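Below, chain A partners chain B and then partners chain C, in two separate complexes.
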Partner chain A sequence: MAGHSDSSSSEKKSSEAMNDVPTYSAENLQNNMKVIYYSRTFMSIIGGVLAGILGFTGFMGFVLYFLVMAITSIGLIAKAKFSVHAYFDSWNRIILDGFMGGLMSFVLFWTFAYDIVHIF
Partner chain B sequence: MGLGFIIGVFGVLILSHAAYSTIQYRGLLKIMEEEFSGPPMNVVLELLLGFVFCIWAALTVPGKFLSIHPDSEENRIVSLSANLDFMIFNHRAKAFPLEIDMKLKH
Partner chain C sequence: MAEDLVLDTAIRDWVLIPLSVVMVLIGILRYFVSKLMRSSQVPDPKIVKEGQVIVRARNLRAGANFIPPKSFRSRRVYFNNEENGLLFVPKGQAQNAQAQMFSDPNMAMDMMKKNLSMIIPQTLTFAWVNFFFSGFVAAKIPFPLTQRFRTMLQNGIDLSTVDVSYVSSRSWYFLNLFGLRGLFSLILGEENATDDTQRMMQMSGFGFDPTKSLGAEKDGLDIVQHEWALPKFEHRAEAVLKKLIR
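Coming up: the complex of A and B.
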């Protein structure tokens, strides 16, 4: 079991010789997750505004959302200087985390921008 | 963080200018009674530029990544929280004479 639970912030986990659990600084991991969350949320909002201005409706808008999320993932991996394991414990965190959370913000700002630009 | 923030604001301003241009373009199309198929090419370029600025701001403003290895260079100092449990008062400073004046002053 390579997972760990987020306990109090300043403690380092001690590794037991039996299980060989990898040791992480939980506080720094939380900080990195916060950075990813902020980045993804902001990019979802900007992607929504972009989809609204371009006049996408229906399926094309969601295609744009996945494109914006993919670009954000690549940007985050580049920010981590391609050595993901120095900053996170698994690839899934930097690629998939916050994906669905941003979808709601995206649709909201997509609707806003589309209404402002195309309907009023 | 200051520069990234300014670039982010700039990107948002460029996007809103592009939105305004698209609104005017739609007004023009309504007069000429044509269908809206997409914004004009310069608006698309402006959107792309604003998008690039916003990507740059989104990656730099939230803060740096911190290394999670406990034995890396930047994690050398472990700090405990300033917790009352760890504060001790029974140390050798009690050998110093008291400095406070014990008399009440009027």
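Coming up: the complex of A and C.
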């Protein structure tokens, strides 16, 4: 979960007060998005295994998924040192992106771990 | 809800775990095989040139506000004028991409290879699963579902009395096929990120016309509202310096 800083992060902060011209490096932004995607996938797999081993069924598992995703978001925000606009162009990127993408992995690993531990 | 089925632990040891492991290994194998089979074709210089022109025009559009109005206008004319602008494509000169594709057998070959490296392992795995593991319950998903999902999850079992949350081995294969994509992107890196669905999309947009994107870029450049950002930057610099002094 490495966060690559935008090279113009310090400049960016000061311009927040101004009516800001978007000064983002597209490559850095893309890299940041990729980091988000990877960390979300990773966390959804870990969360799935966790839910399976703990034996969550039904609604509880999905609650755990949302919890894990929220934790990931908070972790990412903390990684961005709480100045999200230095790294991303909107809040949606850090909070919503890849939210549903990890669900399939989560369900698979949830099922897998649950079956191995509890069913047989 | 029906009473819980008792599943043999042998199913876990000899079906569930091997099937998942095999799916992961086959995914990795497929990645490397398709990497080996990828032929490095020499790109057509004309297409590369057009692509570079598009990149330059896009850069101009992105950085439009950082250059003075006069510079921006002269650059825009350089790209867009109707006589010899770089983005201007005379009518009728646009060549048919479809015809070009057929004239180049390498391209079709490459596409076929990509297709084959995708389809063959899937067919083989499916046949293997069908042959060895067909017709019994292998897993149970830990959340309830409605009857609609029966055909999806109990593919290969024709019993209507089994609870829907039990998954047949064949359907477990399908679940793996879709759910492991995230894992692959983690262990194989970003190159695998262009997964099957995206590859399909690329294929459907295969016969795309470079002159069309030139035209689109031209239109985009035409409608840019130029507003020079530098006058405002003095205020910004002032703010930064004030902060430093404090």
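Everything below uses one rule, namely that the second predicted complex is superposed on the first by the 99 of 120 C-alpha atoms of A that agree within 3 Å, B and C clash if a C-alpha of one lies under 4 Å from a C-alpha of the other, contacts with A are read in each partner's own complex, and residues count from 1 in each chain.
Operating definition for what follows: a contact is a pair of C-beta atoms (placed from the backbone, for glycine too) under 8 Å apart; a residue touches a chain by one contact, two chains touch by 3 or more.
Source: prediction; values computed, not measured.
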Room on chain A for both chain B and chain C (clash or fit): fit
Chain B versus chain C as contact partner of A:I116, first or second or both or neither: both
Touching partner for A:L76 - first (chain B), second (chain C), both, neither: first
Touching partner for A:D89 - first (chain B), second (chain C), both, neither: first
Contacts of A:Y38 with chain B and chain C, given as first, second, both or neither: both
First (chain B), second (chain C), both or neither touched by A:G101: second
Distance in angstrom between the closest Cα atoms of chain C and chain B, superposition on A: 8
Where chain A meets both chain C and chain B, residue numbers: 34, 38, 42, 55, 116
Of all residues in chain A, those that touch chain B in their complex: 10, 12, 23-25, 28-29, 31-32, 34-35, 38-39, 42-43, 46, 49-50, 53-55, 71-72, 75-76, 78-80, 86-89, 113, 116-118
Residues of chain C defined as touching chain A within the complex: 7-9, 11-12, 16-17, 20, 62, 65, 139-144, 167, 175-176, 178-183, 185-186, 190, 229, 232, 235-236, 239-240, 243
Residue ranges of chain B in contact with chain A within the complex: 8, 11-12, 15, 18-19, 22-23, 26, 36, 38-39, 43-44, 47, 51, 54-55, 57-59, 61-70, 72, 75, 78-81
Contacting residues of chain A [partner chain C, same complex]: 11, 14-15, 17-19, 21, 26, 34, 37-38, 41-42, 44-45, 51-52, 55-59, 61-62, 101-102, 104-105, 107-112, 114-116, 119-120
